[in-house]
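As structure tokens, here come the structures.
Same chain, two partners: chain A is paired with chain B first, then with chain C.
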Partner chain A sequence: MKSFLRRTILALPVFLFSLPSLAELARLGDEALSHISGQGGIYLSGDISINEMGGPVENSYFGRCDDADKKCGARFAYRLKEDGGWVVLDDIRGNFAFEGLTLRVRKVDSGFGGDGELFNRDVLELGLPNTVRFNDVQFKISSSSTARPTDPGFQQTDIFSVDMRGDVVMEGNLLVFPAGNP
Partner chain B sequence: MKWLSFSQLPVFARLLPVMAAVLPAPVPVEAELQGLSETEMSSIDGAGIGLVLENFKFSHGTDEPDASGEQARIFRIGGIKSTDGRDVDITVNHLYIAGANSNYGETLGPVNLGRLLNPWKIDVVDGNDIGIANKAVLEFAASAMVNSDQGYDCMDSGAGPGSGTCSSRPASAGYIGERADIGMQMNVAVGDDRSANINIHAKSAVIDGSYLRLWGDNDRRQMVGQFKLNFYSPELSINACAQDGSTCGSRILMSNFALELAIGNQLQPVFFDVDGSGNFVVEVAAIRRPQPGEIGADGLRGSSDVDAWDFYESYYTNPEFRSNLKIGNFSVGDRDFGSARVQGMLIQHLNIKTRDLSQ
Partner chain C sequence: MGAPDRIKQLAPMATGLFCVVLALPVVADMKSLDDSTLANISGQSGLSVELDLGLTADRLSYVDDGSSIHLDGFRIGSAVDPSGQAFHLIRIDVEEDASLNLDYLVKDRRIEFGDIRLAGAPGVSMGGIFFDHSLEGYLNIRQGSSVGGAGYTFDSAYTMTGGRLGYRTNGNEVFLDDITMNVEALGVTLDVVGDTLALNAPRITGDWEVGAIRYSSNPLNHGVSVDSGNGQPLPSYGSLSGSYELSSSTSLTAGGRSGEGLRIDNETVIHSASFLYRDDGKALALRDITGVYRINDLRLDVATDWQNRPALALPLGSMDGEFSIGAIEVGGNGKSIGQVNVSFLLEDQVFNGRSYSNAIYLQGGGHPDAGPQGLRLATEWSLRLADFSYTEDGNRVIFSGLQSWGQGDVTVNVTRDGVTNDTEFFDGLRIGFEDIRAGYRINGLRVGSDDAPLQGGTELLLALGFYPAYEFELDGHVTLGAGGASGEGITINSDVSIRNGKAAIIAVPYDEGNGEIPQKGLWITELDYDAHVRDMTVDVSQEGLAVIKGESWSTMDIGNLRIGDKESGQSFGRFVIQKYETGSSMTVVPGGAGDVCAGGMGDSPSACAASGGVWEPRGEEGLTVRLKQVLAKAINEARKNSLTWETNRQSSGVGEAMNGTGTSLVLNDIHTSDGGDFDGDGVDDNSFGLRTDLSVDVYQTRVVKKEDGPDAMGVTGNRGDEKIMDGSSTAGYRYVSNPTLAEADNRPLGFAVKARSRFKELSINNIDLVHPVGGAQTAVYGVKMQNFDIKANLTATPIP
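Moving on to the complex of A and B:
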């Protein structure tokens, strides 16, 4: 027991020595804090494939993309009314790749035809990647009686489909910030 | 001095070293948190998200097929069938959103969309503030309209401050502006018959004051909304050209084009639904009929139920509920048809339902 106590007493100076180092952390006032902004940011390159090869389930309905009789894309269904039908984003598939999507916090205090100076706040800046390469990206907008095509009584009307391939030019920055009256 | 074992020390003494290490740091921080009074709390409003696109440019299209029939870029809208069951395919040759003076999409420059001081917004707003009682309303809105002493004329691409109600500024010598050139070239194929290329271009377009509001209806247990589209452009043109671009037909030119479209309002929201057979339904329900005796025989307020009379009076007189279309000058080729104006359209009932022709 005594040896334990002795170890404790030995440990005490360690705690005590740690105190002066804590004291060196000085508090920042609101004024000083308001000048601190995140440095750097994130640079993203990506390659996203959605159901490019085949669907999630292989049964009577879903299946491989090379089988024209079966569907293979992802499906997103949204119901607008209790006990009503579903609005569907269907057959979502393809691949898109981008190089140089950036994410950072930026202080805007100039530019924008004089608005920047009056605005004088931080914004979250999402730098668009200039070009996004679409490889046979497609989806359909449909309306359907059931959430899943395997549900009984399934009926679906495809309203239109979109098919995109190649380089899409998307330049600029998306600035996101709180608006309204906080 | 008598040594005490650690376990014999009072609990406080045992904790002392730990507290000594931990306490000094957090205590001053806690002191900075201050309580808010009821009055201060009541004036706090959830802030929405403001969005501004800076130096934005979008362009995509469909390329001519090369020798082996391959196309580097494709942008196609399909899945539509004609009444006689043939496939309809819309090939978008070019779709662009770019800065002003793009020369019908030939030279694409950047544009800002939304203003930092009046951005595009995604917000949940208190329905009581916008005439939708006791609902939280999800709102997607473009820059709001402003007072005419602060704003810019919605049409004039050389407008200065204090000339109109639009917040978005036109491009000037030193600034790219917030008004985009938008255009599309497409052609439509029905079966094997492919149409000529159709070009639609809007110069210096503004959509200030547009919004989409969505909320839930308790009685019908359904998503309802209110949609307002304002679209102003000093020049909207449509023409058709041969597939190879060699010859073009007359250009339909609409100068000073202003569309203010209101679908659904606080009293008659628009309902969205999909019916049992999988068809999309958009509905604006008719306004309720007055009960017998609610409105007097002479139609005057004095002989009517005052609340009912005021309800119908506000419904029929509110300019916000009305849709307008104004065209400053309408011309086809070298023929002028003068100005056109459809004003004060009120959608009293609407029921649109898609039908699947393939069944």
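Moving on to the complex of A and C:
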């Protein structure tokens, strides 16, 4: 059982964000897929985009994406000290497209070299699409003196930028299930 | 209609005939006559009776097996003068075929009951009903019926004008005002078949209009359109109109569910119908309605309910039917959302190990603090099976296998603003819920056809508060006030409390074709939910249906978020979600997403294809819901937006996790903002909120095989192949590596939701870690998200 859990933990930032500590994640092999109880579920095709043309704010800092003097991405800022500075993900934008993101509730009671039978639990399965097409996914990691870029005394240092494009292979399944004392 | 022969001495006879007319208002329908019709009436030797009728009775009683229901304060008289009489003119002719013909004219008549009481329920009553009208029409009665012999055949038609139908409790009234109606029913037959009275109406046609639905809180008003105090028209919920063509057969048999009573069986076919609700001239229209319903073994008894309370009981054996609404139009431009089909079966069924049936027990009293008059409907229902399908631009999605069950009391009062015994009341028609224990579930979605595989997809509608399964205990009220944001419309105030709720966020089918199985899913359980809404207006606008909330706040305390079984599934812990909104709104707009570049970017088919997307013209119909949630800054601990996640709770003696004993992560005082104080009032503006537009369509999508080899249905293909629907294939589809244009036209249909969420600024004041002994420690001193515009085009299909 423990070996199964050790082997199957997979960190995915989006799920770590929403389920920080108790949600354990696992990669499954084909053999597990043949023991699914419960049909239904969904197969999702489509795309998700963030600030494709810009966001709803237009001021001295934010603008439309065709305005080179303004930032058109989203901004996420937080601080860990009461009167401290702000850690910022700035100018977040991009587009992800995929076919085959699946979502369902299933029971794992076999496979995994015998660990599945011991595990014998229901899990939330997020079946990853084989390929995700990234289209100009970008953001900056920065530090800032104020939460809003329009606040008085605003100063910001961009530490580094990330820009991703092309196909990203994401195979397997992400399993989410409770552990520990609820 | 002339009246040459006035024989007032025959008043008793005329009264008797009038009573025939009165007693058969549905079966014997009537229509207006013009002079040319009158000129052709044969048998000129008839009688004309002119009558000014004023009739009162302190009490009319109906006794059933020793139990009785009393109609107090019965009156027939003038509608405009409480002490006056109603004018009647009746012309009686015997036709050449020996039929009896009654032509009649009734002016400004009111029929009313001041109160309705049940013996054995002292101190409470159901309230009063009044019905005003002027009638002009005829009733022709002849011997012989559909089965021959001793029956009768009726032809009838009438026009009703100046109608009012009202309900009054404790001095407050809600009534349909200015009702106009034309009805024609020809060839209605009445037979005695064995011990059954059989009524058959082969064709009933009519149209109707309600000029306003009015509310009065002034006890001095009674059945008037204008307030007696200020002379202003009473506020209106809006107006109604419609038309219909029906055929119907009804059987009436003596005998209740026990002893005396009445049994009713009925089958009605709706050949065509329409229904329009208008709000300041803008319509919500249901057009091209057709359908059929069958009522089997409906009984009428004076009996007691499951708590031994005296009641007028209406237990139902079963009822099934099917309806189709050809077009649902809303807004000022008459655009259609699409078509809806509903099939249903109300019948006894066992849910969760308990047998449910269908019955309503009418009682007096309503909410105990609203006054002695009111209506209480002790209700039990069992919706054994229903399918609801929605079709837009020719493509259909079916919410399959809907079941519902429940038991509890629904109260009805007409109330006015005020607080009595700590109960807050509001102006309007109050629908109360007391100890209702109920639930519903759907088996899943089917897209395209009835035999399509079950799939999920309701997960995409969670933003609208839609759960695929829900069990709950419900108390509270919804009060519907007259008048919207401006002019006509509806204003809603409500306080709702749910206890011991179990709602599915994701649910697998409860029946995969081999009988009922425990429905697994992702469940919020041990749910306590308190929600309050103030001054929420509902109006039909030029754009669609507009709902604007004045103020709303709620606490959703989820004892456990469980995976698997809703009773025994393992828990992620406890979640508490507090919401506080001011000025939030929702607009329902006809039309879906329109042209969409799915899986790519671009405003044209070529640009979309170049980015790897698929251009999808999703058509004119569909549904778009625009939500604006203005999350207000906290004003106190009860009215704020926050999210708490608690785990590691101590267990009670029976092994249940005790709330408040664990460690918590608290996202405190979440609120939206426009990003600054632009109006100079000292606080940040907050009018943009969190805006989410959801467009729902049924459309084709790309489904790509994820693994080599056979899928769950045994259909073989290679990884990356596309699923193409093909009726000649055994499974109804096959996999194709490079679809041709013709094959691409047969991509599978999916439940397509296009969502767009935007906000200018969303803040979290602080994120705390709370230990039950050590107290709260702030981990994050503020989160601020700005300038987000997130779009998602997602189409849900079954997992291959």
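By definition in this document, the second predicted complex is superposed on the first by the 140 of 182 C-alpha atoms of A that agree within 3 Å, B and C clash if a C-alpha of one lies under 4 Å from a C-alpha of the other, contacts with A are read in each partner's own complex, and residues count from 1 in each chain.
The rule is simple: a residue touches a chain if its C-beta (ideal position, glycine included) is under 8 Å from a C-beta of that chain, and two chains touch if they have at least 3 such contacts.
As the structure is a prediction and not an experimental result, all values here were calculated from the model.
Residue contacts after overlaying the shared chain place A:108 against chain B, while chain C stays out of touching range. By the document's definition of touching, of the two partners only chain B reaches A:145; chain C does not.
In the superposed model, A:44 lies in contact with chain C only, and not with chain B.
In the superposition on chain A, A:163 contacts chain B only, with no contact to chain C.
When the shared chain is aligned, chain C comes close enough to touch A:52, but chain B does not. Legend: residue contacts after superposition of the two complexes on their common chain; A:75 is shown touching chain C, with no touch to chain B. When both complexes are overlaid on chain A, the residue A:155 reaches chain B alone and has no touch with chain C. Looking at the shared chain after the overlay, A:84 reaches both chain B and chain C. In the three-chain superposition model, chain A touches both chain B and chain C at residues 19, 22-23, 79-82, 84, 86, 123, 176-178, 180-182. In the complex of the two chains, the chain A residues touching chain B come out as 1-2, 4-5, 8, 11-12, 15-16, 18-19, 22-23, 25, 27, 79-87, 108, 112-113, 115-116, 118-119, 123, 128, 140, 142-145, 155-182.
Those residues of chain C that touch chain A in the complex are listed here as 444, 453-457, 459, 506-509, 512, 520-522, 560, 563-565, 569-574, 598-601, 611-613, 647-649, 657, 662, 665, 675-676, 688, 691, 701-704, 706-707, 712, 719-720, 750, 758-761, 763, 778-800.
Against chain C, in their complex, chain A makes its touches with residues 19-20, 22-23, 30, 36, 38-57, 59, 62, 72-82, 84, 86, 95, 97-100, 102-105, 107, 121-124, 127, 129-130, 133, 135, 147-150, 176-178, 180-182. Residue ranges on chain B touching chain A, taken from their complex, read 3-7, 17-18, 20-21, 24-25, 28-29, 44-60, 63, 71-80, 108, 110, 112, 115-117, 119, 121, 123, 169, 172, 174-175, 177, 220-223, 272-280, 354-356.
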